[in-house]
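The following pair of complexes shares a single chain, chain A, combined with chain B in the former and chain C in the latter.
Showing the complex of A and B:
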């Protein structure tokens, strides 16, 4: 066991970096989020208001964007889990010689810049993109399918980009499930499906939880891909916050929205942690 | 170990000393990217570096990014002189973050049209362009004459308009609003009129050059766009033509500001002098298809056909940048909620 003092020393470097370059700037935004922005004149001096927070709740446009962001986060997480679990299972339990090539295949897309990958999806999904052109030439459809600037485009792009994170988390978790326990369940007469559902799956819950939290947080805070595939008509919270800051120059409103996003995300992480612990049979 | 540390510190100090020594002669210029930056280098930077011996480093971005950067670094700017749209220049002036430009220090100030000077001399307009109609003459046989032609059923599914966060999107919206009887105080008619047009637009473009591929693949035949971008695209072989609507194009006035607090005001003013000089202006006009503010500049016929000048310039609508600065956030919010939703 690492002693408490040593533990503190071990996290100190990261802690200091986080405190200096993350927590301090974020705290500096707190006063801004209670400020008032006067177009043409800037942030009013000495004015304090709750307006920026109140608007997030009262304005149905903001509410729509928040629900959309959370829905997207959950949908992408679920898609990554469904697509990633079988793959992770194969990597963890499949033939030894497949493991390295498969992991490389999973990691490979991450070596490409995010912008390039998102741009690739534009080339595929645009009105005259590869997918639509192919379908039209085959005579399957007459007018291009709308694959961009909506939920479809964002789901496809984000699932592709965040799948590796989920798979890598799951591989580690599934490998940690002791084969003895599975073997014990099998000798007691469980079918293979039952062993998987009642032993392997619950025991890999920590991995599922970690992967899901990672993918969820990355999805709801993603900026580049939603900007490129969602465009100006299909906004999520990150793109909305970017616009408030960079286009409208309304920093108070942007800061309030950022804190709302952080609070919502933390609440969901806390909640899912509790649910997952219960499922894995821990108090 | 201690010795090594001392040695490292000495090197670091010496290094930073050399670095600041070099920076004293380096002017940081905020400019728009793409061909704009190339033209800035060719027409403004090269002559300035030759004349002063200073070096220029370009920081690329768009107008609202620059406005955000000037505010974030308030008083200690990381740019010495910035190209910026005049409405955002007015915004920066409203936040009292722009240095007053001392005309007496500029050799070329007298040749510049008086209307180019911004309120309190906080900024100066450096070039004249417009949002006009750009079309593909291979697909459009009779040139469009009105902003309303975009909504012509003949162009259904064959046009694109800009998002309001881009200049052309804002301008088209305001032009339509004015035709439909709206004013800058009341944009309800414009919102109503543009809703169906935005719905039918192939895309709401956010980057000017997004239209290049759309025109090239003949996905669109017409769009409210910039004559300067169209001119450059035509030089590259694209089939395009510019039409100035009879209701008047909407003027675009890229301006220049010197952010308050820069230690290199004198050098920045020298750079500004180069921007405003007849050579600097003429060079930029010919390369970028953009109108000049220096009265001594003579445009070639090729450029005069495309840039706003003569009648098209007189008819153009130059919207008060202060009004845009005050209202654009509100208009954008309405657009997000009622048009682009």
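Showing the complex of A and C:
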């Protein structure tokens, strides 16, 4: 066991860096989020207001963006889980010699720059992109499908980009499920499907939870891909915050939105942790 | 009636044969152990019976039914793992209820049978706990309760006691045997511990390198080992290379260097090279010299191990034997350098063909 004093020493370097360059700047934004933005003049001096937060709740446009962001986060997480679990199961339980090639295949897209990957999707999904052209030439559709600047485009792009994270988390979790415990269920009368549902799935719950939280957090805070596949008008919270800061120079609103996003994310992580633990039968 | 029958059962992985043709018949209610060093194929046999490993050759019959190709969930057997393999996310109650629920047992009947199974392993009142809140011994008892609750036709044990400490293991041996007698369930028990196998079983199958060496009662295995492997694996053997001096009736005399010993049973021809196995506990010691015909030697080492004392005795030609006596009385206090005479009954001199020459 590491003693507490030594433990503190071990985390001290990272702790100091985070405190100085992450926590302090974030805390400095707290007063900003209660300030008032005067167009053309910047932040009004000596004025404190809850207006920025109130607007997030009352303003229809902000509410729509928040729901869209959360919906996108949940949908991408669910898609990654559904697409990733079978693959992770194959990697964890399939032939030994497939494991390394498959894992390399999974992480290969991560070696490409995010902008390049997003451009790749633009080339595929645009109105005159590969997918629409192909479908139209085959005569399946008459007019191009709208695959970009909407939820569909963001879902496709973000699911592709964050799937590797989910798969890697799931592989580790599934490999941790003891084979004997599954065999025990089988000898007690469980069919393969029942073994999976009653043993494998609940015992890999920690990995499902970790992977889901990771993908959700990455999705709701993603900036580059939503900007490129969503365009200037179809916004999520990250792009909205970016625009508040950089286009409108409305720092107070941007800060308030940032804190709202953080609070919502933390609440969802906390809630999902509780649900997952109850499901997996742990106190 | 036979409860479990293996007909030429075998398993190979590519070129490697793990289990050669094994055939044996286990009677209803019988307690049979498969004993052997690790890698001898005993666990593979157990897993083939459970349906977790597919046999390459042969058949497995459960009563009159051929279960060779049946999936594990349709065999109705109870399996207890070395690792316990409890469901960590379920309570003790739900662990034990698991197999019953699969057999559509519900309501008051489920409650009654879970309580009954937990009472049998003396864990009543532990139903609400989770496996990780229990000690190793308690976890193993839950695993046993879980296996017996659905009343399986055959109980299978895969080294169930080897993760327990020595004292607990002795307790569990007695408890297990009592439980098996009470329930009368046919039991196949895999172990590498000869004490476990000999003390618990009606019959023991000794295995080496995928081959069943001998399948017989514990007494027969101990006193009349069929192969050199069995003779040297069971008990604490002295192994000596020698040859048959001459034969007289069923027995005769064997020679190790210049020493001759009477043996009660010799199957080899006169003059043949043989392996002689004499158990440490079968060698009697007499202080001082001895009668003319007795084998004499000198004690070179004394080792005290609680209930027993071991002596290393050097005989003529530098041959060394280990002899064991109880750790009380005059015989337990012999010092290195003391001369002793050895009493070895002809029945205790086991004559085996040289390993490799046979089989």
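Following the convention adopted for this analysis, the second predicted complex is superposed on the first by the 282 of 283 C-alpha atoms of A that agree within 3 Å, B and C clash if a C-alpha of one lies under 4 Å from a C-alpha of the other, contacts with A are read in each partner's own complex, and residues count from 1 in each chain.
One rule holds for everything that comes next: a contact is a pair of C-beta atoms (placed from the backbone, for glycine too) under 8 Å apart; a residue touches a chain by one contact, two chains touch by 3 or more.
This structure is a prediction, so every number in the text was calculated from the model and none was measured.
With chain A as the common reference, the superposed partners chain B and chain C fit together side by side.
In the superposition on chain A, A:46 makes contact with neither chain B nor chain C. Looking at the shared chain after the overlay, A:248 reaches chain B, while chain C stays out of its contact range. In the superposition on chain A, contact of A:190 is made with chain C only, not with chain B. Judged by the touch definition given at the top, the superposed model places A:13 against neither chain B nor chain C.
By the touch criterion stated above, A:231 is placed in contact with chain B alone, chain C being left untouched. In the superposed pair of complexes, A:139 makes contact with neither chain B nor chain C. For the combined model, the angle formed at the CA centre of chain A by lines to the CA centres of chain B and chain C equals 150 degrees after rounding to the nearest 10. In the superposed model, A:178 makes contact with chain C only, not with chain B. Taking every C-alpha atom of chain B against every C-alpha atom of chain C, the smallest gap after superposition is 48 Å. Comparing the two interfaces of chain A, the one with chain B and the one with chain C have no residue in common. The residues of chain C lying in touch with chain A in their complex are 50-52, 71-79, 81, 83, 85-91, 98-99, 102-103, 130, 146, 150.
For chain B in complex with chain A, the residues that touch the partner chain are 64-65, 67-68, 71, 90-91, 94-95, 163, 165, 202-204, 206, 217, 219, 322, 325-330, 332-333, 336-337, 340-341.
Residues 178, 180-181, 183-191, 194, 198-199, 202-203, 205, 280-283 of chain A are the ones touching chain C in the complex.
Interface residues of chain A, counted against chain B in their complex, comprise 37, 39-42, 61, 64, 127-128, 149, 231-233, 235, 243, 245-251.
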